[in-house]
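Quick one: this structure, given as C-alpha cells, is what I'll be asking you about.
First chain written, first letter: the chains are A, B, C, D, E, F, G and H, and each begins at residue 1.
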C-alpha cells in the first residue's frame, strides 16, 4: 500500500465513507513489505550507487543487453560481471561508451563518475598471474561502487621478498582483498603483517588435489591469522563488494 | 500491532483524536509482520494442533521441561523428540501423564486426544530392526499431529517376499514413509509397487563406506522410481511431519 | 499366467482332464507377478493417465521417437523430458501437434486434454531466472499428469519483499515445489510461511564451492522448516511427479 | 636366466669349466623371476586363453593395432576394450575378420573358437537401457574368455515384475553380473533371490547427487544381501573377467 | 497360499463346491510370493546350511541370544558376527558348547559338523597383524558355511619376499580373500600372481588421509590386476560368504 | 638489532672505532625483521589493545594460566577462548577478578576497561538457541577488543516475523555477525535487508547430511546476497575479531 | 634355497650324484626370493641400523614388549612410535634404560649410541605448539636412525618475523621437515627461503572445515614452492624416516 | 638498500654529512629483504642453474615466449612445462635450438650443457604406458637441473617379474621417483625393495572411483613402506625437482 493510498483510506475513515472494519481489513491485508521494502531497495541504490549487478554467466547477449538497458535507464550505473565475449560485443554495440575490463570479464556503464563513497583504500593483492582475472574483478567492483582501489600482483608466498617490498602499501590500506589459488597461503601471511580487515578469495587455479579451488578455500577458512573472512572460489565480485561495504563511511 | 490496537487507532481517526498523518505514521512504522505473521502462527497452531516441536538433543533436562511447560500451557499438545533418558525422566516427573515412546526417543504431552485431521493412512515401512527408532519417530510424529499411522517392520529388499506379503496394505495407504539404512534400496522397490506419495528416510545404520547415512541418502535421491522425496539422515520426525501434511485434507 | 489361461486350467480340473497335482504344480510355477503386476501397471496408467516417461538424455532421436510412438499408441499421453534439440525436431516431425516446452526441455503428446485428477493447486516457486528450466520441468510434469499448476519466478531470499508479495498465493496452494540454486535457502523461508507439503529442488546453478548442486542439496536436507522433502539436483520432473501424487484426491 | 642358460651353466659345473662359487654367484644373481614368472605368464595364457587385454582408452589407433598384431601373433586371441571409433576402423582394416561389438566398444580377434573353459552360465543382468554398454562389455569379456554368457536387460527394481519373470534363469546361472546406475539397488534384490556368486557393477548413468557413479557404488558396497562383491564404476570388463574366473572349473 | 490350501481349493473346483470364478479370484489374490519365496528361503537354508547370520553390532545380549535360540532350533547352525564381549558371554551361558572366535568377534553354534559343501580351498591372505580380526571373520564365515579355508598372515607388499614364499599356496587355492588396510596394495600384487577369483577386503586400519578405509577401498576398486572384486570396509563376513559361494560346486 | 644497538654501531662508525665494511656487514647480517616486525607487533598491541589470544582447546590448565600471566603482565588485557572447565577454574584461582563467560567458553582478564576503539555497533544475530555459544564467543571477542556489540538471538528463517521485528536494529549496525547452523540460510536473508558488511558463521549444529557444519558453510559461501564473507565452522572468535577490525575507525 | 644348500647341490652336480635336469628343476623351483630378499632385509638393517619400527597404536602392552624384545635381541636398536601410556610403562619395566620421549609418544631402546650415518643436519620446523608431538616424532625418528637433527618450534606464518629470525639455520640444513596444522602454509614459506629438500607434514590440529588434517594436506600438495614432498597427516615418523634417507651419504 | 648505497650512507655518517639519527632511520626503513632476499634468489640461480620454471598451462604462446626470452637472457637456462602445441611451436620459432620433449610436454632452452650438480642417479619408475607423460616430465626436470636421470617404464605391480628384473638398477639409484595411476601401489612395492629416498607421484590415469587421481594419491600417502613422500597428482615436475634437490651434493 503506497503512502498516498493509506492516507486516502484514512481520510475515508475520518469521513465515514469507509468503515473501521473495512479499513482494518484492508490495512492488514496489504503486503506490508510493499511499503517498507521498496523503500529499502530504493535507498540502497541511492546510497551505494549500486542497485543490482548483472551476472553474465548463462545469459544470452540479448538478455544481458536488455537488463543493462533497464538498469541503466533507472540508475545510470551498471556493472556486468562474467560477461562472455559475445555479450561484451553486444553491450559495446548498445553502449558505445561502455568501459570494458577484458581480463576481469566485466563491463561498466555509467552516466557520470561514481562518487567516492569510500574514502579509504581497497587494496587487492594477488598471488599469481593466473589469479589476475579474479583479482581484477574485485578491483573493478570496488571502484565501480565508489571506492578507491589498487592492485598488487604476483606476490606469492614462495618469494616473500616480493611481498615484503610492498609492506607500507599493505599497512596503508583500509581493507585488503587477497586473492590466491594453489595452496592459498597468501592471506595468512598478509594477515600477519597488517591489522586491517582482510577478505580472502580462493581461486580455481591449480590441478590434481586442488579440486578446483577446494584446497585454497579450506586453507583460508583455517587460517592462523585472525580476522580473515572468506568468499566463494573465484568470487572476485563478492570480495570487491564486501570490501566496498567495509570501506564505506558510517552513516550518521 | 494487534487487531484491537489497529481498530482503536482507526476509531481515533474517525473521532478526530488522531490525525491522518499520525495514524499513517504509526501504521507504517508498525512491523507489518507483527500483524500478519503472528496471526499466521496462531492459525497454524489451531489448524495442525502442532505449533512447535522440542528437539531434545543438546538441551538440558531443565530446558526441555521449561519449554514443555510453556508450550503445554498454551497449546495443550507438545511433542519432544530426541529426548535423552535424563530429560525423559524430568518430563515424567513434571507431567506424570506424559506418553513416553522409548525406542522412538519421543515424549508426547496432550490435554485431550488429537483430532483426526488426516483421514487417510500414513504407512511407515522399515527395512531392518536397527532402523526402528527412526521409523517409530515418524510414526509418533504423524500420530501426534492427528494422522492415522501404522508400521510395517523388517521388510528388507533382500527378502522380497516379506515385503510383497504386505502388498495390499502398501497400496491402501494415502502416503508412505519408507525408512532404510545400508544401501537404502527399499524406497525404490516400494515406489514401484504403489502410486502414492512416498517420503524416504535414510538412516545411519551401516559401517565402512556407508559414511553414516550418505550411502542410502544418495541412493534415495537417485531412485529410479518416480515420485519419491527424501529427508535428512535419521530424520524420522521430518518424514512424519511431511506425511501428515500430505495426508491432511484440503481446506475449502 | 493370463486370467484366461488360469480359467482354462481350472476348467480342466473340473472336467478331470487335468489332475489336481498337475494344476497345483502349474499354478505354483507360474510367475505370480505376471498376473498381479501387469494388472498393477495397467491400473496405474489408467488412474494417473501417466504410465511412463521418456528420459531424453542419452537417447538418440530415433530411439526417442520410437518409444514415443509405442507409448502414444497405447496410452494417448506421453511426456518426454530432457529432450535435446535434435530429438525435439524429430518428435515434431513425427507428431506435428506435439506440445514443445523449450525452456523446460519437455515435449508432451496427448490425444485429448488430461483429466483434472488433482483438484488442488501445485504452486512452483523459483529463486532465480537461471533456475527456470528446472522449475518449468516441474510445472509441465504436474500439468501433464493432470494437476492445476502455476509458477512464481524470481523470488530469491535476498529480496524478501518479492516473495512476501505472493504470500496469499503461497498459502492457497495444496502443495508447493520450491526450486533454488546457490545456497538453496528459499524452501526454508517459504516453508516457514505455509503449512502445506513442500517439495524442494536444488539446482546446479552456481559455481566454486557449490559443487554443482551439492550446496543447496545439503541446505535443503538440513532445513529448519519442518515438513520439507527433497529431490535430486535439477530433478524438476521428480518434484512435479511427487507434487501431483500429493495433490491427487484420495481413492475411496 | 633362461632354462637353456641354466643347463649350460650346470654343464659347465659338471665339466669343471665353471667353479661352484661362480655358478652359485651367477644363479643367485640371476633375476629368479625370469624363470618363474615368465612361465607363470605363459601358463596363464594357455589356461585361460586370455593373456592380456588392450585397454583402448587413451591409445592411438596405431598403438592399438600394433599391440593387437603382437598379441594375436602369439596367442591367436585378442580382446580390446573401450575402443574408440577410429581405432575400431583401424583394427577392422588390419584384421578384416575382427568381431566388432559396437555398443560394448569391444573388438575381438580370434584364430579359432574359444574353448568352453567355463561350463556354467554367466548371466549378466542390467537395470536400464543406458547401462547396456557396460553390461555388454561384461558379456563380451566372459564369452571371449570361454564362458557361456547371456544377458537379461531392462529389469529395474521399480518394476519388479519384469525381474521376477526371469526368476528361473536367475537361479540357473553359475554366477551373476548385475549392472545398475541410478541408485544401484538391483544387486540387492537379485542377491536376495539367488544363492550364487554375484558381481555388482555400478555405472555412471545418472545426474546430480549421483556423482558419476558414486551413489550406486556406495549402495552396492553396503548391500544388505550377503555374498555380493563389487567392481569399479563402469568396469564391465572387470566384472566379466571375474565372472569367468568364478565360472572356470577347478583344476585337478 | 500353502500347497495344502491350494490342493483343497482345486479339489473344491473338481467337486463343484467352488466355482471356477471364485477359484480364479482366490488364486490370483493370494500373494504368489508366499508359495514361491518361502520355498526359496527354505531351499537356501538346506543347500548352504546357512540361512541367516546374526549381526551382533547394535543388539543387546538378550536380543542376540533370543535370535540365536530361534535360528538354532530351526537350523542347528548359527553364525553371529561382531559380537560384543557381553553378548559373547550371554551366548556362552545359553550355549555352553558354542565356538567362540575371540579375535574375529564371531560365535558359532552347530548341532553337527558342517558338510564340506565347497571342496576347493578358500585362502585368506592378510597384510598386517592389525587386519587379523577382519581376516579371521572371513575365515570363520567360510568355514562355518562348509568350505575348507586357511589363513596366511602378515604378508604386506613392502616385504615382498614374505608373500612370495607362499607362492605355491596362493596358486593352489580355488578362491582368495585378500585383506589389507593402509594403502590396500596387496590384492593387486596377489592378483598378478594367480588366476583365481579374488575378493578384496579393505580395512579401517590406518590414520589421517586414510579416512577409515576409504584409501584402500578406492585402491582395490582401481586395481590394475583383472578379476578382483571388492566388499565394504572391514566386511570380512561378506568376503567369506562370497568366497564360499564361489567355492561351492555347481548343482547339476 | 635493537635501535639502541644500531645507534651505537653508527656512533662507532662516526668515531672511527668501527670500519665502514664492518658496519655494513653487521647491518646486513642482522635479521632485518627484528627491527621491523617486533615494532609492528608492538604497534599492533598498542593500537588494538589486543595482542594475542589464548586458544584454550588442547592446552592444560597450567599452560593456559602460564600464558595468561605473561600476556597480562605485558598488555593488561587477555582473551582466552574455548576454555575448558578445569582451565576456567585455574584462571579464576589465579585471577580472582577474571570475567568468565560460561556459555561462550571465554575468560577475559583486564586491568582497566577497554577503550571504545570502534564507535559503530557490532550486531551479532543468531538463528537457534543451540548456536548461542558461538554467537556469544563473537560478542565477547568484539567487546573485549573495544567495540560496542549486541546480540539478537533465536531469529531463524522459518519464522521470518521474529527476524523482521528487529529490522531497525539490523539496519542500525555498522557490521553484522550472523551465526547459523542447520541450512545456514539466515545470512542470505539478513544480507538482503541491510547494506552493511556481514560476517557469516556456520555452526556444527545439525545432524546427518549436515556433516558437522559443512552444509551451512557451503550455503554461506554460495549466498545470493552480495557482500557476505564467511569464517570457519564454529569460529565465533574469528568473526568477532573481523567485525571489530571492520568497525575500527580509519587511522589518519 | 640357502647359499649352503645351493653349493651342496652344485657339488652334487659336479660329482655326478645329481643330474643336470634334477639340479635345474630344483633351482628353478626354489623360491628365488628366499635367497635374495632375506639378504636384502639383512643388509638394510646393517646399513641403516634401523630394521623395523613398532607402531604402538592398537597393540597391547604385552605385544609391544614382546616385539621389542625380539627386535632388540637381534638388532640392539628399537624404535616404538605412538606408544600409549600403559605400553610405555611396560617397556620401561622390561627395559629400564629405555629412552622415553613423552610428548613424541616414542620409546627408543639401544645397546650403544647410533652411528652418525647422516652427516648433514635434519631440521624440523613446527608452526604451532599443538603440532609439537608430531614434530618431535620426526625428530626422534631421524636421530634414532643416526642423523643429527634439531627443532625450531612455534614459527607460524602469521608472525613471519619469528620464522625469518631463523633464516640462517634454515639455510644451513641438509633437509627440512616442516610440520603444520591449520592452513598448512608454513612449508610454502620455508620452501621459498631455502633450496634444500623439504618434507611437509600436515597435522590434524584444527577444527571445523579442517576435516582433521585434510585442509593442510591439500595445501601442502598444492604448494607454490617447488621441491616440497608430503607425507600423511600426523605422520612425523614417516617424515623423519624420509629425511634420514635423504640425509644419508651416498654409498660408493 | 643496495650494498653500495649502505656504504655511501655509512661514509656520510663517518664524514658527518649524515646524522646518526637520519642514518638509523634510513637503515631501519629500508626493506631489509631487498638486501637479503634478492641475494638469496641470485645465489639460488647460480647454485641450481635453475632459477624459475615456466608453467605453460593457461598462458598464451606470446606470454610463454616473452617470459622465456627474459629468463634465457639472464640465466641461459629455461625449463617450460605443460607447454601446449601452439606455445611449443612459438618457442621453436623463437629459439630454433630449443629441446622439445613432446610426450613430457616440456621445452628446454640452454646456452651450454648443464653442470652435473648431482652425481647420484635419479631413477624414474613408471607403472603404465599412460603414466609416461608424467614420468618423462620428472625425467626432463631432473636432467635439466643437472642430475643424471634414467627411466624404467611399464613395471606395474600386477606383473611383479617385470619390476623385479630391474632390481639392481633400483638399488643403484640415489633417489627414486615412482609414478603410478590406477591404485598407486607401485611406490609401496618399490619402497620395500630399496632403502633410498622415494618420491611418489600419483597420476590421473584411471576412471570411475579413481576420482582423477584421488585413489592413488590416498594410497601413496598411506603406504606401508616407510620413507615415501608424495607430490600432487600428475606433478612430474615437482617430483623431478625434489629428486634433484635430494641428489645434490652437500655444500661445504
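Keep in mind that, in the parts below, a residue touches a chain if its C-beta (ideal position, glycine included) is under 8 Å from a C-beta of that chain, and two chains touch if they have at least 3 such contacts.
All figures in this text were calculated on a predicted structure; none of them were measured in a lab.
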Legend entry - Shared chain contacts [subunit B and subunit E, defined touch]: C, D
Inset, instruction - Would you indicate which option in B-E, E-H or D-G repeats the interface seen between A-G, with over half of the contact pairs matching by residue number? - result: E-H
Inset, instruction - Please decide if copies subunit D and subunit G contact each other with the same set of residue positions, more than half shared, or with different positions, and reply same or different. - result: same
Legend entry - Greatest separation from subunit A - chain, by CA centre: E
Legend entry - Centroid comparison with subunit B (C-alpha atoms), farthest chain: H
Legend entry - Chain pair, C-E or E-H, that carries the greater number of C-beta contacts: E-H
Inset, instruction - Please compute the C-alpha centroid of subunit A, do the same for subunit D, then give the distance between them in whole Å. - result: 55
Inset, instruction - For subunit G and subunit H, let me know how many angstrom lie between their CA-based centres, rounded off. - result: 24
Legend entry - For subunit D, residues contacting two or more additional chains: 31-33, 36, 40, 159-160, 167, 193, 208-210, 214, 217, 221-222, 226, 232
Legend entry - Which chain pairs touch, all of them: A-B, A-C, A-F, A-G, A-H, B-C, B-D, B-E, B-F, C-D, C-E, C-F, D-E, D-G, D-H, E-G, E-H, F-G, F-H, G-H
Inset, instruction - Could you pull out which subunit C residues touch subunit E in their complex? - result: 3, 6-7, 10-11, 13-14, 16, 20-21, 23-24, 27-28, 30-33, 35-36
Legend entry - subunit C contact footprint on subunit B (complex, rising order): 36, 40, 44, 47-48, 53, 119-120, 167, 174-175, 193, 195-197, 199, 217, 221-222, 226-233, 237-239, 241-242, 245-246, 250
Legend entry - Residue ranges of subunit C in contact with subunit D within the complex: 31-34, 36-38, 40-41, 57-58, 202, 204, 212-214, 217, 232-235
Inset, instruction - Would you pull the subunit E residues touching subunit H in the complex into a rising list? - result: 127-128, 156-160, 182-185, 188-189, 191-193, 206, 208-211, 214-216, 218-226
Legend entry - Residues of subunit C that touch subunit A when the two form their complex: 130, 159-161, 164-165, 167, 205, 207-210
